[in-house]
Every structure is written in structure tokens, then in C-alpha cells.
Amino acid sequence: MSTTDGGELRVGLVGYAFMGAAHSQAWRTVNRAFDLPVQVRMTAICGRDPANVRAAADRLGWQSAMTDWRELVARDDIDVIDVCTPGDSHAEITLAALAAGKHVLCEKPLANTVEEASAMATAAAFARGSGVRSLCGFNYRRVPAVALMQQLIAAGRLGAIRHVRAAYLQDWIVDPEFPLVWRLQKDRAGSGALGDIGAHIVDLTQYVTGQRITGVSALTETFVRERPLPSVSSGLSAGADGRGLGRVTVDDAALFTARLDGGAVATYEATRFATGRKNALRVEVNGALGSLAFDLERLNELEFYDATRPGPEQGFTRILVTEPEHPYLAAWWPPGHIIGYEHSFTHQMRDFVQAIADGTDPAPSFEDALQVQLVLDAVLRSAGNDSAWTGVDPVLTTA
Amino acid sequence: MSTTDGGELRVGLVGYAFMGAAHSQAWRTVNRAFDLPVQVRMTAICGRDPANVRAAADRLGWQSAMTDWRELVARDDIDVIDVCTPGDSHAEITLAALAAGKHVLCEKPLANTVEEASAMATAAAFARGSGVRSLCGFNYRRVPAVALMQQLIAAGRLGAIRHVRAAYLQDWIVDPEFPLVWRLQKDRAGSGALGDIGAHIVDLTQYVTGQRITGVSALTETFVRERPLPSVSSGLSAGADGRGLGRVTVDDAALFTARLDGGAVATYEATRFATGRKNALRVEVNGALGSLAFDLERLNELEFYDATRPGPEQGFTRILVTEPEHPYLAAWWPPGHIIGYEHSFTHQMRDFVQAIADGTDPAPSFEDALQVQLVLDAVLRSAGNDSAWTGVDPVLTTA
Amino acid sequence: MSTTDGGELRVGLVGYAFMGAAHSQAWRTVNRAFDLPVQVRMTAICGRDPANVRAAADRLGWQSAMTDWRELVARDDIDVIDVCTPGDSHAEITLAALAAGKHVLCEKPLANTVEEASAMATAAAFARGSGVRSLCGFNYRRVPAVALMQQLIAAGRLGAIRHVRAAYLQDWIVDPEFPLVWRLQKDRAGSGALGDIGAHIVDLTQYVTGQRITGVSALTETFVRERPLPSVSSGLSAGADGRGLGRVTVDDAALFTARLDGGAVATYEATRFATGRKNALRVEVNGALGSLAFDLERLNELEFYDATRPGPEQGFTRILVTEPEHPYLAAWWPPGHIIGYEHSFTHQMRDFVQAIADGTDPAPSFEDALQVQLVLDAVLRSAGNDSAWTGVDPVLTTA
Amino acid sequence: MSTTDGGELRVGLVGYAFMGAAHSQAWRTVNRAFDLPVQVRMTAICGRDPANVRAAADRLGWQSAMTDWRELVARDDIDVIDVCTPGDSHAEITLAALAAGKHVLCEKPLANTVEEASAMATAAAFARGSGVRSLCGFNYRRVPAVALMQQLIAAGRLGAIRHVRAAYLQDWIVDPEFPLVWRLQKDRAGSGALGDIGAHIVDLTQYVTGQRITGVSALTETFVRERPLPSVSSGLSAGADGRGLGRVTVDDAALFTARLDGGAVATYEATRFATGRKNALRVEVNGALGSLAFDLERLNELEFYDATRPGPEQGFTRILVTEPEHPYLAAWWPPGHIIGYEHSFTHQMRDFVQAIADGTDPAPSFEDALQVQLVLDAVLRSAGNDSAWTGVDPVLTTA
């Protein structure tokens, strides 16, 4: 089992693209913003291209750069492995890291298949016995407005939940000339909009309601079925290289209805074809006593309708979630001084580091992430079976 | 065939509750706001309770009051029958009126069953040959912002349509003590949220996109299954009378995904349990070149994203649809002086009266309304069959 | 003194342009929407052009048309004179009507000068002794959200008022080719943006706060000093006729700071040059315990910040002012079904008719309107005196 | 003259409260987010309390801690002095730093008096001749939406500017029990809301319009004139210590009208008593061809009305300013992933560092900041002279 050495927590990051940069800023910042019992050291970053990973280390603030993740996992001076690679390598790296006794933070979706996710959850459960901590990076749980949403529902403020309405809308591949990057290839990404952004709304809605999806009816669509082959493919942008067209093997959009185990019904939509919607993760929950609504494009705000207030004064209250008594906000600026997307990662690192220091298990666990994977799997099965109602398989707990 | 007599159009209205009042104000106003070739006369109103219908005639401005719709339909001095009763009597009244050569405006949904709606559409098609006009009252088509939405899409401003996202959210029966009014009884209302408000979003989205729904996958839910028996039941409000509980026989909510014949995919949700959402009919359409979004609670506004504009200036433009060049608006007030819900009915009457005078067929026709009914029928069949994908039956044209 | 005859209230309207049309719809509607002890009769409309006033009578629903307001005022069968002419004739018509024992509803601003307004207030005070009622048409007081704002402040919900922030923004003369209509001529209109729309925000803010402006510091500006002479000039639109340019003799914009007698400080701005703002009357009031904000372009909404709520739940609540318990709303449609600009006039007529029937004095009285005129006068004096602080003269009460 | 040593820029920061923390994060981040020709070193932080400054150094990432700013300024290994102290010490520290050949970044307002600000501007002008750079920290210029606003106006998109409407609304001292912190004492802070937040809107509106204020008419108000004496006073929060009350010697609110040298008229309001408004810096500019509106509480958005678009499509476009072609945004996350308050400081440091490296003068210069001070001075003089119109004194240029 890994321990922190002299009050330090030494991190090794695998991947240096979009998620690698987001995690790096969070690791750099977490001890500046929060009082923590241990000090994070950004020990090593790992990527396949030697020059690129070296440049990334310098730019992002890592003490060393490596090209072989197996060597990184084998290092004695690393306590945490942070996995920011595409989904097809999550399982292999994570399993090796857990086996080496490292704490693991793995980006979402946990894996490209239920089989892999299941193996990872099982390994994490075993490792937990030795004090090894694991966390799946559903960072939006740590947006303060989302955390407040969860708190208000947990406190019973909405009463019985009736409706969940969730959409994650982007538009970055509307142009049919946008090239065939790895996120559009099933062997690399597992699925398309569903796994990339649909996974977020599945996790987020289950988290805030405290209810789990029991069954779904789904359809998926690929609007643009062939795209130019890319010359380079990094993160969300790329150029084409004139080598011709390749087949898109993932969904551009996934839509499904669902039932949750507390009695709510739900609609979900994840798409990369909602022109004009850049990062519109929207969730609304309607309960017997009130409602809550959130939009990631205005992530410092939460709309709360409290039906127990006097009738003529009822309405949706726009809470500007920037007060010191709001989750995570005491660490930042005075009221009304808003924070951004990247802060959700800093908050995630704070909770992860604190849990490691406390010897407790952070959430969402790999089992939680496996359950999300099981929902996504049910979605794909339903979509492949004429939208027939499809139950979500249970998480087989190992502990 | 009915003709207008001396430039007059003599109207007989059946029903005097919520819809009766809304239609009455529209009949009173249409010649004041619009230049029309004929003058509307509010000749008679008809309802079952003699005292109530007499009071309604006085209040709403009708020249006479009657209690037997058959007598109304038989009157020589009536040109138009306007049907505002609950759905279970639409077919009988409408068929009689068409047989008597009256123009008919029938509230939506056209009927409680496909069979009735089909008979009505057939009768309307036959009557059309004799110059008799018929219109189904999907009044929201005549909200200026909705009409503008239709115009922009028809002009190709969105390009290929990818997504339709429609919800009609109300909350008037969230309280389990709200009594069992006729709108909660299947034999009177046909269905619940689905037929009452779901019908609107089915019609509206098909209208603005110019595409028809080809198949659906649906679920319905009744959250509160028993309610107090009502003492009186008028419109959307009622009191309970202590006679005990009765069974709710309609859906509180209906959710479905759909495909449209032009290639778009869609989510639909109709509910009376969205706490805090009073009359939130929301439609968003995403196309390859832009997007449009509308919310009935802000019915003077239309959001338009034009992806062909220069990149750094793109965004959703909030068009305040109150300019004289916007649909219907030249009849009203200066720019920025907003109109309300009731104006949609005045606009509907304007188009209906103009079509009668011109000898043309107004839209939506009974065939259009039958097609909506066929969608609702597919929704109920899918919901009753484990959400299995269910095709929408074709409208059998009779002409 | 005029009395209602057999439960009827017989109205004579002077003017048939924009305001004439708005008042006509309200007179037509008031007995349809509200239960009132008397029935309004739209007896006569009066205007200078015989053909136009005849057409207006037919279009707007008046029983007769006249061209001489003196004859109208002299008629025995008229109980109420409704004055909708440009401001330069308000005093003459109103004084004659009061002398003839008619109840008078006079559009705002009450007059073009303090002298005229003072004479009118004096006459109204005398007539009051004989049971003659008078009202100045600051219709926005009767927007339900504004009435609710007044109620909440009167109930102490904001505590001590600290700030008032009011703007009335329009843009209909931004184009320098827009012709020199009567509203841009000092001899007809008295002042420009100040009297036309500035008067509204002066009245509205004093009404909702229950405080009066004691002094001001002002500046005015005329951005476009010459405009094409108009061929016709009706309401807010007009054509030019090629006769050359004329001088604009009123303000395009008026800006001032103020102090209110309860200790609040305020900013006011009225302009016709706020491009893109069509009818944006915006008022915000900040108090020790909360705040309220209103925008006429979204007139069914009121924003309420209640600082006595639990800290983490505080925020501006968007109250959709469409509930039956909200002011005036029980007369209209179900919750969430919004109303428009014109309804404010119907509400005004309701209160005026009810006051006449009850034998009480409606508000705002002519004294109230005179006081607004005194504020406008102080604004113009300050603007003409290097913005020096200028006290508002007291209303000299006559009763 | 200070030069960068081996591609490094060694910074010494004075002050470790709110602004100190905000600047520290920016210094830490600037080389991570932006490609810059020099590398920032956070060499030393300086503050009066030895323990506190030591803790701040550790927390905020500074290599050393000091208690005497004179020693800091004298160090050879410091290239830049960053002044984040209260306004009463700006002049002394800045003048010493400039004299020592250090580049200086001084927080706003530049000084508490025109005399001090003038001396600083003069010193900066002299130092400029030796290649020493100076910048006043009006960080909101570097909010991307504000920078975009400036670009659009500079490109002529609004045409002639008619109106500026600016307010900076906060509410942190509404509670009369909030103690008498340094920001409420004239000898420390110079003025109250006026200098603290009013300075921001003066600078920002002049920056985006490219016009300067030529005269003002003002009033100021102190609503709560005595407050509990504080036990500690750090940043915006503090506790009281029961030592009794002290007199508030600054304004709680300042309101003024203004004229700009390009012909626009303007209203300004700065207050700490706008209950519910936490950090609402709002600016709207109306021009002959369009309008722009910004609200700091939604700092990733800019509203743009383009009156040259086709009439029926005009409206305020909500630009989500998160695209890579928007100012500063290429350094951050994909479109729609919003940034926060603190990023404005990182952008400021980027421009400052780049200017030092390039040997050019960054903006706003100390002359620019002196001009803001002259506006504030005119405001206070007008407020003390019955709001009489008061011209803004010219900046006496020294170069």
C-alpha cells in the first residue's frame, strides 16, 4: 500500500491532452486554495511522444516526464496514478496501478466496456482492503451548484422526486468536414456522445437524486457517417490530412427515457449536434415540494423553486452559488466573484486528497462508475433492440 | 353549405368554460384588431346548465343562450360552430355540424380516439367539396414567435434538422388533494397530460419543422392514482366534496423519443407534475445551420442561433417578436409592447375567418389533427408494450 | 354631477390614435373580464377628421362619432370623458368636462405645463366635492407585477429603501430620417422622452415605494436636432413628405439623480435612443431587507430578493405573476398563461369604474399627476441650470 | 532599469489579503496558460505581520517572505513590484519602486488623492524613458467579454455612441452591524464605494467606448453613519470586538450623470447597499448602429444588438465568450467551458509580462489611472457642491 511520505502525496499523471491539462491545473492549485493535511507533489507526467510530454511537463508544472506508463506505475516515489488517457487504456493502466498499491484517480467513463469496468471495480474493492483509494473523475459532482443541489434534495426539500430532465448538448462536430478524431472511433472511445457526455448526466442525476436508473428505452443516431481522416488528433480539435474519408463508428447522439428506483421518470439526451449549445449540461429535477434546475454554461447559478413558500411569492430563485457557506466556496473569492469550469477539478482533487489522508473512501467509487457503465450498456442494448425497455444490470459487489 | 350573409359570419359556440371564454374574447376582438372582409356576429352560446349558459352569454357577449347543441346546429342563422366541449363530445357535435353545412372550429385534441378523429377527418374532407371549412384549434401555431419559427425553418435557415426537444410542463395537480376533475377521467378526456398538452407539442413541432413523426418509444406514468371526488368541475380548478376517492384513469405524464421523416430525432415530455412550471411549453430545434428555441411562458420572445454569422459574434439572439413585420403584430401595439396568451386565439379566428371568406382551407385541417391523434395513439401503444418502437399509422386520405 | 343611469356608465372618448385604440379595447373588455356593478357603454368617440373618426368608431366599437369635443362634453348622455389627445389639449378638454360634471380619465402626462396641471388638479379637487371622479392614466400601476411590487414594499418586505434605479428605454427615433412627428415638438408634447416615458418612471417609482422625490440633478440631450418634416403624423409612426427639415424642440433623453423623502437615492433615465430596447421600463428598488426588480418587456415577471431567507438559499426569485391570488389575475387565464400590455388599461378601467360606482376617489389623482409634473419641471430647471440640485415644488392642495 | 535576468521576471508582491491572493494565483498560472518569452519567478511577498506573511508565502507559493517593503524594493533580484496594499500606501511604495528601477503593477485606485496619483503618473512617465513599465490594475479590462466589447466598438459596430449606463452594485455592508473595516475609513481607503468599485466602471466605460468623461453631476450618500469598531480587518470580512462604534467616513453609494467627449451621456452608480447584488458590475452602451451589454456576474457572456441585421431577426445576441477566437480564450478550455473572476488577473499579468518583454508600455498607464482619479475627484467636488456640473480636470502630461 502506498502511503504519503512526510506529508507529501506524489502524483503521476498519464495523458497530457485536454484532461491532462485540466488535472494539472487542479493539482497545482489544490494546496493553494484549500488547507490540506498533505502537500501534493507533481512528480511525473507520462505520454507516448517524448518531445510532447517533455513540453507538457514544463508547461503544466511536472517535475519529470516519462513515455512508459508501466515504468511510472513501478516507481517507488509515486503515491497516486491519475489516468487521463482515452478510454481504451483505462483498464490496463488502472489495474496495474492498483496492483502496485497506488491510489488511482481514473477519468470517466471508467472504461469502454462493462467487462473492463467490472474488473476495475473488483480490483478497487480488493485494494480498498489495503487502504488503497480510488475515484472516478465525474468532476461535475464538485461544481458547487451541483453539490448544493444534492444537499437540498438529500435534505428533503423537493419531497418525492417525480421527474428528471437531463441533457448534455454540444455542437463541436456539426460541421461534416470535422475530421475523424479518436473520440469518433468506437475502438478508442467506446461510444460517442453517450460515453463522453451522456455518462456525465447519468452520474450527475443519480448523484443529486440519490436514485438509480433501473431501466431505459433508447435510440442513438449518427448523423454524419463518414468524415475526413485526421492528420493529428488531440483533444477536441484536429486537422484533416487529405487521406480520404473514414467511417464514424460511434453515436453522434443518444436519447433515452428512464425510470429511477425512487419512482421518478426521466428523459436523457446527449448530443454533439445541438448547434449553438457549447457545453450545455442541463438538469432539472421536479419533486412534490419543489424543483431544481442547473445549466453548466451558467455553472455559478442554481434555480430553486420552493413550493412550500407563500403562494404569491413562489418562483424559481436564482441562487448565485458564490457564498462562503456554499460548498467549496470559502476557498475562493468574495460573493458574486464567479468561478469557472476548472475549479470542479480542484474540488475533486481536494476531496480525493482529503480522503486519502483520512483513510476514507472517496466518491464516486469505481463501483459507482461501473453502475454508470451498466446504464450506458443498457442504453446501447435498447437502442439496438428497437428501443425495447431494457433493465439495467445490477452491480455485482465483491466486498 | 353555409354562406356568410350580408358580409356577416354568425357563430355558435358550444361550451363556456376555460376554452369557451378564450374563444369568446377572440370572436369579440377579431374584427377590432384585423381588417377582415366579413363581420363576426356572436349569435349564440350553448351549454347544458341553463342558468350558467345564460350568465356566460351575458358575461362573454353572446346574443343568445341555448342548452341543446342539436338545436344550435339546426339553426339557419348560424354559419360557424365552434366546439369547446370536453373531448368525448367533439365527434358527435362536429359531425352533426358538418352535416348541417356549418364551418367548424373544433378544439384540440380533435377527439378522444383515432376512430372518432378519423370519422371527423373523413367528414371534413367530404364537406370541403361543398365549401365547408374546418379547423382544429391548435392555437399555439398562431403565437407570433411560433409562426416566425416556422417561417425561418421553412426558409432553410436551420439547414438539415437534427434535433427536436419539446416539453410541455405544468404543475396544477401536484397536490394529491386536488380533486378528480373531468380532465383526469379517461372516458371524458381520452388521455391525461398526453392529449391535453402533449398534443400541442406534437402539433407544434411537426408544424415548425415541416416534418412528421414516424415512430415513437414511450412511457407514461400516473403518480397519484386516487384523488378526492370533485363537487364541481370546471376548467382547471375544482373543489372536493368529501364523497371519498376515485381512481385517476389517465396519465399524469408521458415521455417519448421519436424520429421524424426528415431525419431528425426528438424527445417529448408532457407532464402536470413539473412543480413550478406553470405553462412551460418549450421547443428547441437544432439544425445544421442554426437553432431556434421557444418558451410559452415568454411567448413574445424567440431565440435564434445563426451559425452562418461570423464566429465571434455567434450566439442565441433573443428576438422580441413585437415588430410590425413579425407575424400578426401589425394589428397590435408598438414594438416592445407585449401581447398575451389570448392573442393566439384572436389570430386563429382571423385566419379562420379569412379562409372562409376566401374560400380556402385553413390549417391545421382535421387530417392534420387526425395525424396528431395517430401519434398519440402510437405513444399509448408503445407505453403499453414495454416502450417498444411503434410506428405511427398513416392518415388514410379520403379526398 | 354625473350619475350612472340605470347601472350604465356612458363613456365619451376624445382621440383615436395609439392611446385611443388602447383605451377602446379596455372599455370593450372591462365588463367581460371583471364583475362590476355598472355596465360600460361606449357611447361616443371624438376626433377632428370626420372620416377617420367614423372609421375609428366602427373599428373600435363606439356607438357614435363626433368631431367637436365641446359638443361631446355637453351631451347629457355621457358620464365619463376619456382624454387621449396630445398633451397640449388635455387642460382645456378636462377643465370643460369637469365643469360639465363628467368624471374624467386623462392620459398622462396630465398637462404640458405645471400651470395647466395645477389648474386641472384644482378643478378636480373642487369637482370631487360634487362626487365627480378623476384619474390620470398612469396605466403601468395596474400591471399585476407592479401592483405586487407595491404591495410587498407596503408590507415592509424590503425594510428601509436605499436605492431606486429606473430607466425607460426605447429606440424608435434612433434613425435620423425618422420625421418630426408631434411628439418631437415642444408646443404639442411639452417635452420629449421626459414627459412621454420619464413621467411613467417618476410615477411608478413613487407609487411602489410610497416615497416622493424631493430634489433632482438633471441633464437632457437632443442627439438629432433636425428631422424631416412629416407628411402624416399618427401615434408613433409617420412618413416624411420631402418638405425639408424642421427643428426638434424636445429632449431625446433625460437623465437625473434624485433623493426621495424616505431617504432613498435614485437614478432615472428616459431615452428614445437606446438601440435595441423597445419598451424597456426597468425599475429596481433595493432595501435593507430585500430588493425588487421589474422589466416591462417581461411584464408578467417580478424579481424578488428576500434577504431574510436562509443564506444559502437567497437569490432573486422570478415570480411569474399569473396566479389567481396576484393582483387582477383572477379575471384572466390559468397560471402561466401570460397577459400583455393592453391588460394594464383594462385593469385601470376596472378600478376607475369601481371607484365611480363606490363613490370613492381613484388613484392616481390629478394632484398625484401634478406632483409628477412638478418633478418633471424640476428636472428641466436643473438641466437648464448646469445640473444644479433643484428642489421639487410642493403640491398646493386646494381641498 | 530593471531587466529580466536569463529569461526570468522576478516579482515581489506587497500585500497578502484579497488582492494579494488574487494576484498570486495569476502569477502562478500565467506561464502555464500562456506562451511567454520570460518565466515569472514569485520571488518574495511582503507584509507587516511576520507570521501572517510567512503563512501567506507558503500558501500562495512565494519563495520568500518579508516585512519591510523598503527592503523588498531595494533587492537586486527583484524586477517587478506588485502593489496590493490599501490605497494610502500606494504612492509611497510605487514611487520608491519606480525610483529603484522596478516595473510596477499597482492596484486600483491608483491613489487616494489626485496629488498622489499625479506624482505617480509623473514618476512613471520619467521612468518610462528608462524602459521601466507601469500598469494600474483595472483587471476587468481583461475579462474576455469586456475586451470583445472594446473591439466591437473600436471597429465601429455601434456607430456614434449615445448612452452609457454603468452600475457596480454590491451589498456586503447592508447589515448595520458589519464593522468599520479599513475600506470604510477615509484615511485608509480615500473614498468608499466610489473609489473601490466606482473607479472600475469609470475606467471600464472609458476603455470600451474610447471616450473620456468631461464633466459630472453627482451625489453621494452614507446610509449607515456609525458602525462597530472591528477586531480584525482583512479584506472584505471582519469581526467586531465590542469596543463601541466608530464613524464611517466614506460614501456608501455614489451616483452621477456624466458627459463623454464623443457626445455620449451617461449614468453611473456605485453602491454597497444594493441588497442581493453581489458583484453586479453592469455596463450597457447604446450607439446609433447597435448596443452592447455586460454583467460581471455572468462574465462569460456579452449581449450584442446589431441594428444593421434584417429587421425581423434583430435582438440581443447572447455571445458566450468562450471561443478560441475570443480574446485570451485560446489559452483555456474548449468552447462553453466557462472561466471565472480570477482569470482576469491572469490575463492582466500576461499582458504586463509581454509588454515588459517587448519593451512596450502596457495599458492602463498611470496617466490613465490618474485620469480616473480626476473623474472621481470631480464626482466628490460636485457632490459637495449641490450636484453642480463639474468639469474633469485635464491630465497634465509630463512627457
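As written, the chains take the letters A, B, C and D, and residue 1 is the first residue of each chain.
Everything that follows uses one rule, which is that contacts are C-beta pairs under 8 Å (C-beta built on N, C-alpha and C of every residue); 3 or more make two chains touch, one makes a residue touch a chain.
For clarity, every value in this text was computed on a predicted model and none was experimentally measured.
Asks: What chains touch chain A and also chain C?
Replies: Chains in contact with chain A as well as chain C: B, D.
Asks: Any idea whether A-D or B-D has more C-beta pairs in contact?
Replies: Answer to which pair has more contacts is A-D.
Asks: Return the chain whose centre of C-alpha atoms lies at maximal distance from the corresponding centre of chain D.
Replies: The most remote chain is B.
Asks: Could you state the distance in Å from the CA-based centre of chain A to that of chain B?
Replies: Comparing mean C-alpha positions, chain B is 42 Å from chain A.
Asks: What whole-Å value do you get for the distance between chain A and chain D if each is reduced to the mean of its CA atoms?
Replies: Here the centre of chain D sits 36 Å away from the centre of chain A.
Asks: Go ahead and note the Å separation of the Cα centroids belonging to chain B and chain D.
Replies: Computed value for the inter-centroid distance: 55 Å.
Asks: Which chain C residues reach two or more other chains?
Replies: Those would be 277, 314-316, 320.
Asks: Looking at the complex, which residues from chain C come into contact with chain B?
Replies: Chain C residues touching chain B: 18, 22, 24-25, 28-29, 31-32, 59-61, 170, 172, 235-236, 277-280, 296-300, 320, 322, 332-343.
Asks: Name, in rising order, each residue of chain A that touches chain C in their complex.
Replies: 148, 304, 306, 311-320, 323, 325-326
Asks: Under the stated contact criterion, what part of chain D meets chain C in this complex?
Replies: Within the complex, chain D touches chain C at residues 158, 162-163, 165, 167, 169, 171, 174, 217-219, 221, 223, 253, 255-257, 259, 263, 265-267, 269, 271, 273-277, 284, 286-291, 305, 307, 314-316, 386-389.
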